[in-house]
Structures are given as structure tokens and as C-alpha cells.
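A short write-up of the structure that comes next.
Which chain is which? They are A, B, C and D, in the order written, and residues in each are numbered from 1.
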Amino acid sequence: MSDRLKKIFTEKLPKTKLVSYFVGCYPTPEISLELIKQAIDNGVSILEVGYVTSEASAEGPIIKAAHDYVLNKGHNLNDIIKLVKNIRDYNQDVGIVLMGYIANLYKYPISNFVDDIKVSGADAVLVVDAPHELKEENQLRDALNKNGLSLIKLAAPTTDDKRLKDIVNIASGFLYQVNVSGVTGVKSASETDVTNFVKRIRNLTNIPICTGFGIKSPEDAKKMSNSGCNGVIVGSAFVKYIQDNLNDKLLTQNVGKLIKSFTNVLE
Amino acid sequence: MTKNSYKTGPDELGYFGSGESAMGGMAVGETLMPVLHELNQGFEEAIKDQSFLDEFDYHCKHYIGRPSPLYYAENLTKKLGGAKILFKREHLNHTLSHKVTNSLFQVLLAKRMKKRALICESGAGQHFSATAAVAAKFDMPLTGVMGDIDIARVNQNIIKAKHYGAELKSVPGTLKEAITEAIKTFSSNPDYAYICGSVVSSAPYPRIVQFAQSVIGREIREQSMEQEGRLPDMLIACCGGGSNLIGMIHEFLDEPEIIKIGVEAAETAALSNGTPGIMQGMKTYMLQTDDGSKSLGGSSLGAGIQYFSVGPQHSFLRDQGIVKYTSATDKEILEAYKLIASTEGICSALEPMAGAAELIKQAKNKPKDYLICLNLCGTGEKDLNTIQEHIGKDFE
Amino acid sequence: MTKNSYKTGPDELGYFGSGESAMGGMAVGETLMPVLHELNQGFEEAIKDQSFLDEFDYHCKHYIGRPSPLYYAENLTKKLGGAKILFKREHLNHTLSHKVTNSLFQVLLAKRMKKRALICESGAGQHFSATAAVAAKFDMPLTGVMGDIDIARVNQNIIKAKHYGAELKSVPGTLKEAITEAIKTFSSNPDYAYICGSVVSSAPYPRIVQFAQSVIGREIREQSMEQEGRLPDMLIACCGGGSNLIGMIHEFLDEPEIIKIGVEAAETAALSNGTPGIMQGMKTYMLQTDDGSKSLGGSSLGAGIQYFSVGPQHSFLRDQGIVKYTSATDKEILEAYKLIASTEGICSALEPMAGAAELIKQAKNKPKDYLICLNLCGTGEKDLNTIQEHIGKDFE
Amino acid sequence: MSDRLKKIFTEKLPKTKLVSYFVGCYPTPEISLELIKQAIDNGVSILEVGYVTSEASAEGPIIKAAHDYVLNKGHNLNDIIKLVKNIRDYNQDVGIVLMGYIANLYKYPISNFVDDIKVSGADAVLVVDAPHELKEENQLRDALNKNGLSLIKLAAPTTDDKRLKDIVNIASGFLYQVNVSGVTGVKSASETDVTNFVKRIRNLTNIPICTGFGIKSPEDAKKMSNSGCNGVIVGSAFVKYIQDNLNDKLLTQNVGKLIKSFTNVLE
């Protein structure tokens, strides 16, 4: 369990943390770092830094396009770990979660991966396609635990109570509550659904809960923050803004402002 | 998988083999995990339900037209002058390939599990048109995902699927991209049934598809004993995901005296040229960059075997040395097509001609009482444009 | 033809019935007469030779994949809400139609008679591709004659036939012109075997083709008894030359309680709109000018049933009231195609959809225990372009 | 048996008669009559006047094209019988054989047909696709015999001895010896083959024998006349000349000259 993540969630304010997803090295390692610095400066509590794979199965069109962009430029997991190191050098408090797919970790391989990200200053890893049924998830979770890092687990609307129990039992850092079935950036969740889901989880555990998928605006974030969750996760909305304004000289500043508009509404 | 048999796997988490070298598993997002467990349970219950199995058998016989003949390819045998050659005529099934047996099984299962809509992916379009036919018969809506390159080259299958009432979702690319997109569609609609077209993806699909297709091998055993008084010495099939191959050999996995050969497309020969990796739901051999970030692989004329990866059971069987895996080039595939069309009057799909290319090499130097069986798993109607484009002038 | 049976005809000169109303005969030039007598004798000898019949059966089973299933079309039955509907799935035969059974029989006969080369005509190209396949298998050169209009619309069959090694001879027109040209080619090469594609032309072809195809009806009897515990009340088939129809009903000709319906293309409905005449080797009903100088008839989407004339046995059965003949328009054919594709997941050729159009009319008002069987004698792969052109937008 | 045909073959000269085939009413009824008059004037002994049907199965491309031409103009068997009448009005000695297919006769029907041609002055009928196995052949032969007309029978290279016996038994007027297997106007026969064939027939009967198919030039005709036959039949060669010179004002005269070049070599 990552101490840093623990600390973040024990801090009173903001009551609802903003967790923001960035595609690592998108559009370049340098700009990516600048964007993330803006995010930190504008109140993001936890960063999800995405690393890319060609067969990512949970990404909607927006994030997929960013992934393809990075893939085509040839940046790989090593570059992203370097990015994490740079982020950590810039800031000691923000939570950093590496997020992606098992494909890359398996080839890294896992043991080296955990060593390297520990050195880089990451706090946790989230592997979209590594349920606890997967051998490599077990290896990864073990290695992370041993190193004081977290494996972020997910709960989905399809997850039944029995399974949810298993998941919260092994969850660490926070629980990523996937609030709709589908890929990133497409469907939007209803406040009631999320509230009920958060309740369902809360009955089982005290672990922090962050809700994600389809939160597109500060208003969405505000609404979701009323659900009882501890954090809201915003991904596609930021990636889309970056995508649409790649050539804008004021890109990083404006992304800062955009993030500010989210953190402003989250007390 | 019990210690003494290669036929009983995978374990309850979908692994073929154990420890580090285990292949398969369930590498999918949380949204689908409960759905896949439910599917696995539904499958386990269904195959213990004799009336369900009887229903499957009934439709295999009446709708698909099983058993497909086991055919003595006399002319080819004489022409090659070596082993005695048999074809398992899976192309005579309704919808013209082996794929429909699997579609039928899974659609029946989906109905049993009260699913109301279907998703599938497809490479050669055979699985799409087959699933669309079965979906029409059992009155369920279907969305099929295909790569635009495949859509263009196997257009007949798409037209037929549409006539059966299915919807087509196009993505840039080929089978690989179609599978990823199909999984996304499934994640967005976890109450649908995803009808997987080969022994690939997360558990329980490899096992379900293997179960459905293994009727091929059981038929071969019965037919070969009846017709030849003995079993084949060698079984050959092409291998994309590997469903027609496993369907043919599963029955014989514990009989090491029967040689088994799977033939991949040279451009996407995961088992010959790949390394283990985890993508598209499973741990298996695949062609990918060293860092695991990108799937790789060129393009083969056989749309259905142009797949950078392969079903996990095949990776396991490869590592165990139970099955031999080779590959065939486009040129070899086309030559085999020509030979079989002209000697046997059979217009085959290009995919099984990868198997035929290997057959030609194997048969030549074998004695006359050596029995080789090729799984002829599809007809060439879908490929006629491609064939004409490449070797049309050879027939004038 | 014995007094008490409609199954034993024709007489030794090829006549069905006697006196003025006898149909059939041998209206060909002297050059071919000795050849046809020789063929008749070869046929008579062959069908008394059990080993020859066994050989035919063997290849029917192993090469063609017979028996074709007798399939309960459950969805269509429920949709129409009347009679119980069965499909005889002749489209699951190798080369995708009923035609190959006849090709196989005649090529085996030609081989037995030591012929060295083959000629055939074709309308839909099914008979050409089927004969080409069998010719490849038995290693005999084949020249197929087709009309240029048909060549364009059923191009897949021509490509396949070429891949099997056959040569194509093109004439302006459709099946009618192809038949005339094939007879000319035969006259110029009387040592070749002419493989006639339907129960048409001079004796002994109608009888030979009927003999080969009547396996369909024998299978129906056995399958219907086994599956339904009874025989069908009604048999329906499309009728071009009439081979799939006679193949289906021949077995039941002496059972008047079984209703038999043949369905022609409305544009070339010889039996509904024609008069007796003598052309293309036979006396039969046909569409022609009053003075007999010109054959007539429009164009149907079903290339294989666009024939101005019809096999003489059908003319006889029509006159005797043993079989009822109706017709179907292009529109009805296309509607039937759509219905069957969407309800049963079967992409049928257009020809048998003429039969289906009649089936739809008949089934509706019948009780649930009334059993109707349709001969589904070909698949739609060859027709997909035509279908798309006419009703493609209906499927989007 | 037609008396006129008998008389023609009992005449000493020319030793080998020229039998010439014309498509009736081709290119028009009027020109057709003029062409035939030229033929008569230039020594043709017997005229075959072809009537047309769309499914004619023994015609090569040359005659087929002429048939199609006449069919398209809508001329039918009645017009051709009229033509025969006009020919007979012009000349009482030439033999006239109506030649065609059973399709038209069956619809005429046969009984009326025989009455009508008798009145028109024809001597015989040759029906390409009416072997003696055909009921309508029997009817036609009966009716012709009763009216003193002939049904011309054919013998082909494929005709075996047994069958040849049957044919010569019913032959009348002359026997049309088809000297090659195939359609009109394509293949050429060898002199030896024809000589042997004529011998084979002569062993069985004394009926006059005319040999036809593929005789394209006076040289061909001359060669064939040495075979022992009583007449040579020329069809496609004349039809082709007409076809190639349809618009030539001197067509009829030139056809006369062409025919003369054949009769000249036949003593």
C-alpha cells in the first residue's frame, strides 16, 4: 500500500479529489510533462499516467487516437517511467498511478517493472486487463505490495457483491469504481447509479473510492462528488482538449485552466 | 487439465498447463469478468444437460448438414505418388465452412442463458456470415465487427450476413483490429452475448469453441475407422486462431502416434516466429514488439489466418511438442489451390490451402499406406476475386 | 411406361405417354442418332451393373456429401402460421446445387463408355461448374457452352469451372442458345460425351437425368418417415428444365395423395402459357410463335429457370394432371429470398425461390399438421450481385 | 417417291448433279427467287430451299446468320411455300426439296403442309432433326409417299451398317450423305472417306446418293464427284457469297456465274 496515496485520502481537503488521466508522452514527452505540471499546479490530487499498447480494449475513440499517436512516435513504457521520474522530481505530494495494459508489463517483465517504477517515484499501477484471476496480476500485486506500492483495482457495474468482496479485499490505494459499462469517454453515468454503487462498496470497505468514466465537465464532476465517493476521475475530457488544441501555443496554460475549472467545483 | 490427458484442459481460470509456461487465462477488463464467469458457468451447466447437447446435435445434422464427408482424394494421392490423402470436407457445411458449428453452439448457449442480442468479430467473414445465419434462425439481432481490408476482400460474406439481418461495424484493419473492437463493443453491452469465432480470447472462449469444434475429430475417428479400417497417421489443418485445427485434433491429443500439424500463414506465424505475450485476453505466442506495446505481422491472402496471435491451447501444445506448427506463403497457398481445384474439382478457400501446402510436402515422401487427413475447412467463393487477381491468367 | 405406373417411362424411343399426346422422342440430326442409341444402351447396361450403381452411390456420399438434410424450417413455419414446412437442402451438395448429382452420374457413365472428352451447356452456370468439378475429379477435358447474358450474371460459376480446368464457349443469349450451340458442338464431336444438365433434349437424356436426380425423392421418403413418421402432403420445386423437380417427385409419382407442384419463371412458363411443339430435340410444351419458327420468352432473374421450354416428362405429367404447374414473378422470387434469408439464415439461389414463392401461398391456409416440402436446390452465392442490384437497399 | 427426282437421276448428264441449297426468302423473297432462277439457268439439278427456325441445330455460322436475317424479317414457312410455287412456275424440271426442321412442320401441321407443298410443286422434304425414330417423321413420310413426294433421308459418318440398312429401306428421291460430323459450312470431307462411304451405301441400295457438307469450291465438287456419288450438294459456299455481296447490284448475275463454275466441272 502506497503511503502517499494513503496520505492524500486522509487529507480533509479537497473533500473530493480530482484524479486526472493523461496519456504519457502525449503529444511529446516534453509537452506531456508540462501538461502534467499544470495539472499538479491546478490542484489534481492523483495523476494517472497512461502507457500505450496497440490492442487496448477499454479505450474509446479519443484516448485510442492519443495512444496511436504515441505508438507511432515509438514511445514505450521506459519513456513513460522516465516521465514519471520527472513528475516526481517536480512534485513530491501528487499521487502517481501508472495505467495501462498487461501486455507491456509482461514483456518488461513484471519484476523489473516494479523495481523501476519504485525508483521513478510512482505510487501505484492500474492494469485494465489484469483481473485477480490472472497469474500476472497476482505476481504484480505481490511485488507491488512488497515494495509499498499499490495495485489499483476496479469495480464495474457488472461486478456482483460476492466478487466485489474479493476485490475490496485485495484493493489498495483506492478503488477505481467504473461507473458505466463500456469504453472510456463515451457513456455518462447517472448520479443515482453512482451513489448506489458507492453505497454498495462502502458497505464492504472503507477504502477510498474514485469514480470514473464519462465525466466530461465540472458539472459532471460536481454531481458525482455528491455520490459519497472520495475522488472523481477525468480522462477523455482532458485528452480531448489536448487533441483538439495540439497546435495551440497556449495549450498547457489552457489545460491548467480547464483543470482548475474542475478543482474549483470540488471542495 | 488432468495429469494424464491433453484433452481435459484448461483449468478453471482458463490456463493450459501450469506455472510460468501456462497459456491462456483471462486478461480482460473488470466489466467483462463477471460476464465471462457467468458464461463459463452457463457453459458448464449446458454441457451437462443432455437435452441441450441433443439440441446441438439435432441442428448440427439438420441445419448444418453434419457429418461432413471424409473424402478420399484419389487423384491428388496419385499425383503426389506418396501417402493416401483424405479431406475432411468441412466446406460442405451450411454457410460453407467449419465456423458455423461453433456459431450454432454459442448461439444455442446464449439462448439458453437468456441473452437477447449478439456480437461477433470476423476475419474472413466466415464467422460473421455463419453467426448471422444462426442468429437469423434463432431470431436474435447480431452486430458483426470486421476490418475494412477484410470487408473489401471477402465481400460476399458481408452481403450474406446483411441478408440474414445482421449489422456490420467496420474498423480500419483486419481480424486483429476487429477482435479488439468486438471486445470494446462487448464491454459496452455486457448483457449481450459475444460469439467468439475461434479458440482465442479470454477464458472461457478457447474451451467453448474447442468443445463445439471437436465434433470434427470425433467424426474423423468414426469415418476413418469405417472407411479405412484405421485412423489417419497424420492430421493437418491451417491455423489462424486455431479452431478448425483444434476441432480436428482434439479427439486425438492423447494419441501421440498420430502426427498433428498446424499451418499458419507465413506472414503471421505466431507459433513459428512469435514469443509469449498477453494481448486480446490471453497469454499465448504472438508477433509483437519486444516491449509488448505493439502487435505485429504482415498480410496473408488467407484473410482468416492472417492473425498475429493464436489460441492459447496451441501455444501449450507447441511447448509440449504434441503438435507441430509450420507455415505457408501466399505463393504456396495459391499453388495448392490450383492443384486441388484441377485434380479434385474442389474450389477451396485459401485458408485451408495453407494446410494443403504442407500436405503436399508431407505426402510426397510417405509410403502408400500412410494416411494423411487435411481439414478442408472452407470453400473458395469468398476468395474468387483475390484468386483471379493473383493467378487468374493461369486458368485461361 | 407401364399402364399402372408413372414411374416407368419413357418408352424405348423416348416417349412419355402414347399416341398424339406423347411427349419427348428423339428430334435430332442423323449424326447424333447412333450416338444417342449407343448412350441409351450404355445407360441400360450401366444401371443393371450393381458395381456401377455402387460407385455412383459411393461418390454421392463422399464427393457430393449426400444425403442432403431434410430440414424443418421452424421459423418460416411459425411466421406463415400454416403448414409445417420442410426444406430439402440440395444446396449443401458439393458445388452448391442439385446439378452435381446428375453430372456425377453422367460422367461416370461416360467413363464407363470409354468417352474421352465432355461437352455441357449451362444456364445458371451451376451445371457447368458442377460438371467441371466432376470432370476434374475424373480427369476428363470439358467444354461448357453458355449464353453471354448468363455468363455476366453468374460469373462465379464460370470462374470456378475454369479453375477446375474447363473451357468456356460463349454464345449470344441465355440457356436456350447455349443448348442449341451445345448440340452443334456435340454433332461436330460425336465421340465426346454430352452431359445434359436437365431432363430435356432428345431421349435418352430426360430419362438419364431423371434417373440420377431421383435419389432426391428417395432420400425424402426415408428422411421424412424417420423424422416426421410420415410422408409430406405436398412437394414443391422450381422448374427450369425440370430436373430438380422430377428428382424430387419421381419417387412419389404413383402416390396421388401427395400433391406435387412445379413452379416456372413467369416469363418463361412453358407449361402455363405454352403449347406443344418440337424444338431442341424433344416434343414438349414451349413458348414459340404459332408457326413454330421462333422460340419465345422473356427474361427471369432466375437464370437457371429462364428456359422457354421444359422437359417432356413434365408436359406429360401436366396433361395427365399428376403434377400442378404454376409460375412466379421476379418480384415474388425476391420477396421469398428475403423472407427465407431473414427467417432461416439460408442464402438461397433465386431459382428455388420461385418454388418458395408458391410455398408461401400454399402454406398459409393449410392446417398445422399439413406437411409441405420445398426443394431448396441451390445457394445464392452466384446470385448475390443480382440480388444486391435489385433489393440491396432493403438490407441496409 | 417423286417422279421428277427419279427422272433427274435417270438423265445421263450431268453425270454428277449439282444440288444447291438456298435459304428461302434470303435476303428477300424477290431476290431469293432471282437467285434461284440463276441457279436453274446455270445448271443446278436440284434446289434445296431452306425454311428457318430459331433453334436450328445443324447450321454453321454462315447459314445461321442467313436464317436469323430471314427470321428477323418475319418470313415464315408459308412465304417459302409461295417461293416454291414461283420457282415451279419458272421451271418444270428442276427438283425442289424443302429443307428445314420439324418445329415448323409440326405446327403447320404436317397434313396441311404436305397438301400445300404438293400444290406448290415441291418434290420432296428434308427434315434435319426428324430421324425415323420420331413419330412425326413417320406421319410426314406416310403423307409424302401417299402424295407421290419424297422424304429425303440422311446418312452420317456415325451411321453404322445396321442403321444404314434401315435408312436406305425408307429412303426416297435420293440419299443425303452427310460426309462429315458437324454443322454446315465448317469442316471439309476427305475424298477417300466419301468414296468409302458411298461404297458402303452402294452395297445396300441403288438409290441416288448426294454428298454434302463442306464443299466450298468447284475443285471440292470435282473431287467429290469422283467418289461414285450421284450428286454433290453445295450450300454454305453460295450462302456465304450472297451474304458477302448483299449490296452488290450484280449479285444475282454473279451468283449465276459462281454456280456455273461448279456445273462446268461436273460432267
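As a convention for this text, a residue touches a chain if its C-beta (ideal position, glycine included) is under 8 Å from a C-beta of that chain, and two chains touch if they have at least 3 such contacts.
Chain-to-protein mapping (UniProt): A, D = Tryptophan synthase alpha chain; B, C = tryptophan synthase.
Computed from a prediction, not measured in an experiment: that's the story for all the values here.
Visitor: From chain A, count the fewest steps through touching chains until chain D is reached.
Guide: 3
Visitor: Tell me, please, which chain's centre (mean of its C-alpha atoms) is farthest from the centre of chain A?
Guide: D
Visitor: Would you mind pulling out the distance in Å between where the CA atoms of chain B average out and where those of chain D do?
Guide: Computed from C-alpha means, the inter-chain centre distance equals 67 Å.
Visitor: Could you work out how far the Cα centre of chain B sits from that of chain C, in whole Å?
Guide: That pair's centroid distance is 35 Å.
Visitor: By the touch rule stated above, which residues of chain C touch at least two different other chains?
Guide: Nothing qualifies.
Visitor: Hey, what residues on chain A touch two or more of the other chains?
Guide: none
Visitor: Give the list of chain A residues in touch with chain B in this complex.
Guide: 51-60, 71, 76-78, 101-108, 128-131, 133-136, 153-160, 163, 167, 178, 181-183, 186-187
Visitor: Okay, in this complex, where on chain B does chain A touch?
Guide: Touching chain A: residues 13-15, 22, 25-35, 37, 176, 179-180, 183-184, 187-190, 276-281, 283, 288-295 of chain B.
Visitor: Name, in rising order, each residue of chain C that touches chain B in their complex.
Guide: It is residues 61-63, 65, 68-72, 75, 89, 92-95, 132-137, 139, 156, 159-160, 162-165, 337-338, 341-347, 380-381, 384, 387-388, 395-396 of chain C that touch chain B.
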